[in-house]
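Per-chain residue numbering starts at 1, and chain names A, B, C, D, E, F, G, H, I, J, K and L are given in the order in which the chains are listed.
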Amino acid sequence: MTDRVYKTIEITGTSTTTLEDAIKTAIDRASQTVHNMRWFQVVETRGAINDGQVAQWQVTIKIGFALEESS
Amino acid sequence: MTDRVYKTIEITGTSTTTLEDAIKTAIDRASQTVHNMRWFQVVETRGAINDGQVAQWQVTIKIGFALEESS
Amino acid sequence: MTDRVYKTIEITGTSTTTLEDAIKTAIDRASQTVHNMRWFQVVETRGAINDGQVAQWQVTIKIGFALEESS
Amino acid sequence: MTDRVYKTIEITGTSTTTLEDAIKTAIDRASQTVHNMRWFQVVETRGAINDGQVAQWQVTIKIGFALEESS
Amino acid sequence: MTDRVYKTIEITGTSTTTLEDAIKTAIDRASQTVHNMRWFQVVETRGAINDGQVAQWQVTIKIGFALEESS
Amino acid sequence: MTDRVYKTIEITGTSTTTLEDAIKTAIDRASQTVHNMRWFQVVETRGAINDGQVAQWQVTIKIGFALEESS
Amino acid sequence: MTDRVYKTIEITGTSTTTLEDAIKTAIDRASQTVHNMRWFQVVETRGAINDGQVAQWQVTIKIGFALEESS
Amino acid sequence: MTDRVYKTIEITGTSTTTLEDAIKTAIDRASQTVHNMRWFQVVETRGAINDGQVAQWQVTIKIGFALEESS
Amino acid sequence: MTDRVYKTIEITGTSTTTLEDAIKTAIDRASQTVHNMRWFQVVETRGAINDGQVAQWQVTIKIGFALEESS
Amino acid sequence: MTDRVYKTIEITGTSTTTLEDAIKTAIDRASQTVHNMRWFQVVETRGAINDGQVAQWQVTIKIGFALEESS
Amino acid sequence: MTDRVYKTIEITGTSTTTLEDAIKTAIDRASQTVHNMRWFQVVETRGAINDGQVAQWQVTIKIGFALEESS
Amino acid sequence: MTDRVYKTIEITGTSTTTLEDAIKTAIDRASQTVHNMRWFQVVETRGAINDGQVAQWQVTIKIGFALEESS
């Protein structure tokens, strides 16, 4: 447990199927540009309604990732 | 962007299966009397326990819907 | 309505599959030592990320259970 | 556990005597138009002061009631 | 200050000009169906962005109005 | 509606009898030095326990009072 | 000021009469198994409604008590 | 940046025109008795409604001011 | 509804004139480096006071923008 | 338990060394004009940064003190 | 990642020296009866004031610990 | 007062010694890539426990820094 520093970013993932899938979508997209992701925390759960039915699940999460030591 | 004014109501849906289903139950029931629903936001997630097991998932959501222009 | 006093405890359940399963894991473990559980409330939803993917769903709930009358 | 969907409304009751009476006033008035009320939750407790004394107790509660199945 | 009971509803007003105008829009629309409105409280201030500019101001308010005595 | 500006102070009243009495105690004491009090809002409700019984009810309130125009 | 460490537990007391009585019920029950209770703090005030009337007052409190030094 | 100490007071300003004007009214009145004001923070935005229209904008702010060193 | 994932950033805009202008300043500056902005939400409203007058309006907003699909 | 009524004030203390020192600075300054201080509660912890380093620790606390009985 | 279920308890530690020491005091006392502690989170920071000086630092933390599998 | 727009980022610093050191660690690491940092605000204070002792102090802060004018 050497001293480490983490940064948190806030991402909203969406899905037409489940809440878990919306979170996975957010993390999957973030993994394209962010490395060393360690944890997430759900900040808000919303959704879009169309014709009286859930059209989209929207979950906003904070993602924490380790910052690499600069050399 | 022609909608002008929205009203929010708070509904608790229940389900014996999943959190998503509890939300769908809430929206499905609301659609019987409310039109032009646009979004929802999860306010609280609770449940009933019976004999040491989850007996009911209970999700309280705010539902936003557009108010029609009076003529 | 004969129950008189309830105690609340805070438990974090984990799962590799779904949010509902994490909650069930928490309640299932609590049922080994606590009786008369009546309700739960989700306090926080987090997760662990490994290799850019969700490795563990973590849901913290408050569980309310009836305290038996002392005799 | 046959109730399926609940609606929550927010009512402020007032009283010149006690906090409990302010809550009862709110529920009593609501019962004139709302049926199947199941629970309430205190949201805010305020009051009016006149001549250096409490002139009115004001308690805002959320009331939850079961929505009947449409047929 | 006879005992009175108030109901609160949540309305989102929108405007392309100012925050105050968004609130006025909400109250103006509510006044078509609700009487005896007494106060409002801002719950959330949001907006839509289009082409890098504010396209719509959106203010969600709670409106409190007196319930008339049933006779 | 001629009052223009209000100040809020935070006072904790105590009582050995009821919550209402603790609030009255706070307002009564405040009235010795503050004039034109208009409203209060409960911020926190606590109490002291002695020998397994409530020894003191403690209610913290915000009190709003009108500031007189300077001349 | 010799007490050193305190533990907090969360208890919900109920009553058919007053809010104060619900709190007393919680503390009275807790005193059967917990010693050295020092303070409480109200966390939530709810109630059950039956036939359009308050059937039960429910107050959730946190109770703080001193942990005895282990020897 | 010698060590400094600040005090915060809570003031509600009102206006019949804009939110900004309500804040200015609060600060203008406070400046009659408080010196060295440095910042404000909006705590709550409310208003009075009369005849279905906004009659008064009410903004509650916290004002921070530097306490002068006693000599 | 083709946008899939959004990122939120937190920006504080300032102005010497109005709250709306402070928000526009924030969004205008953000538009220099961020594309596909969709919404904002006010997080905090503060200001600087100089010589007993508002010297600067400061509004902190969260801005949500769509992340483009990586190819 | 003879103290009856308490007032709370909000003070921000600063320090160039530690968080504890910032709190002590606030209480030390308050003691010049306020007597019978009993407790404090940390409301917010902030700081100023200069040249990439912490230049000042800023801790805002609420201080509770007993109001003397007027005679 | 073999731990499955965690319980959270709330403990207040005190110290006459530093905030860190108050937290250590809480964890040290908890370690006498609780095993497998993994993390803590600060819930509230308070203190007692005596003769115009900090007499006691009081930090309330939530402590999370792993529940062992029953066999 | 020439700075116009600020951005806020959220960083978690860690330390094995003190809370202040955890904050300094966060700011020190951020200073490698971010310029014109002006203030920070503590968002959350947590820690890791190992063998019944604090193994790591973890402080999450928001850091505000001025965005330079684009030319």
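Here is the rule we go by: contacts are C-beta pairs under 8 Å (C-beta built on N, C-alpha and C of every residue); 3 or more make two chains touch, one makes a residue touch a chain.
Just so it is clear, the structure is predicted and the values come from calculations on it, not from any experiment.
S.K.: Scan B-C, A-I or B-E for the interface that duplicates E-H, counting it as a duplicate when over half of the contact pairs agree by residue number.
M.R.: Matching pair: B-C.
S.K.: In whole angstrom, what separates the CA-based centres of chain E and chain K?
M.R.: Chain centres of chain E and chain K, defined by C-alpha means, are spaced 44 Å apart.
S.K.: Would you mind pulling out the distance in Å between where the CA atoms of chain F average out and where those of chain G do?
M.R.: Going by mean C-alpha positions, chain F sits 23 Å from chain G.
S.K.: Cα centroid separation between chain I and chain L, in whole Å?
M.R.: Result: the chain centres lie 21 Å from each other.
S.K.: Could you please state the distance in Å, as a whole number, between where the Cα atoms of chain G are centred and where those of chain H are centred?
M.R.: Using C-alpha averages as centres, the distance is 38 Å.
S.K.: Quick check: what residues of chain K touch more than one other chain, meaning two or more?
M.R.: 9, 18-19, 48, in rising order.
S.K.: Where do chains touch, given as pairs?
M.R.: Touching chain pairs, listed by label, come out as A-B, A-C, A-I, A-L, B-C, B-D, B-E, C-G, C-K, D-E, D-F, D-G, E-H, E-I, F-G, F-H, F-J, G-K, H-I, H-J, I-L, J-K, J-L, K-L.
S.K.: In the complex, go through chain L and note every residue touching chain I.
M.R.: 1, 3-9, 62, 64, 67, 70
S.K.: Would you mind writing out the residues of chain B in touch with chain A in their complex?
M.R.: Counting only chain B, the residues touching chain A are 18-20, 23-24, 27-28, 30-31, 37-42, 63.
S.K.: Spell out the part of chain D that touches chain E in their complex, as residue ranges.
M.R.: Residue list for chain D touching chain E: 9-16, 25-26, 29-30, 32-33, 48, 50, 55-56, 60.
S.K.: Hey, which residues of chain J end up touching chain L in the complex?
M.R.: Touching chain L from chain J are residues 18-19, 44-49, 52-54, 57.
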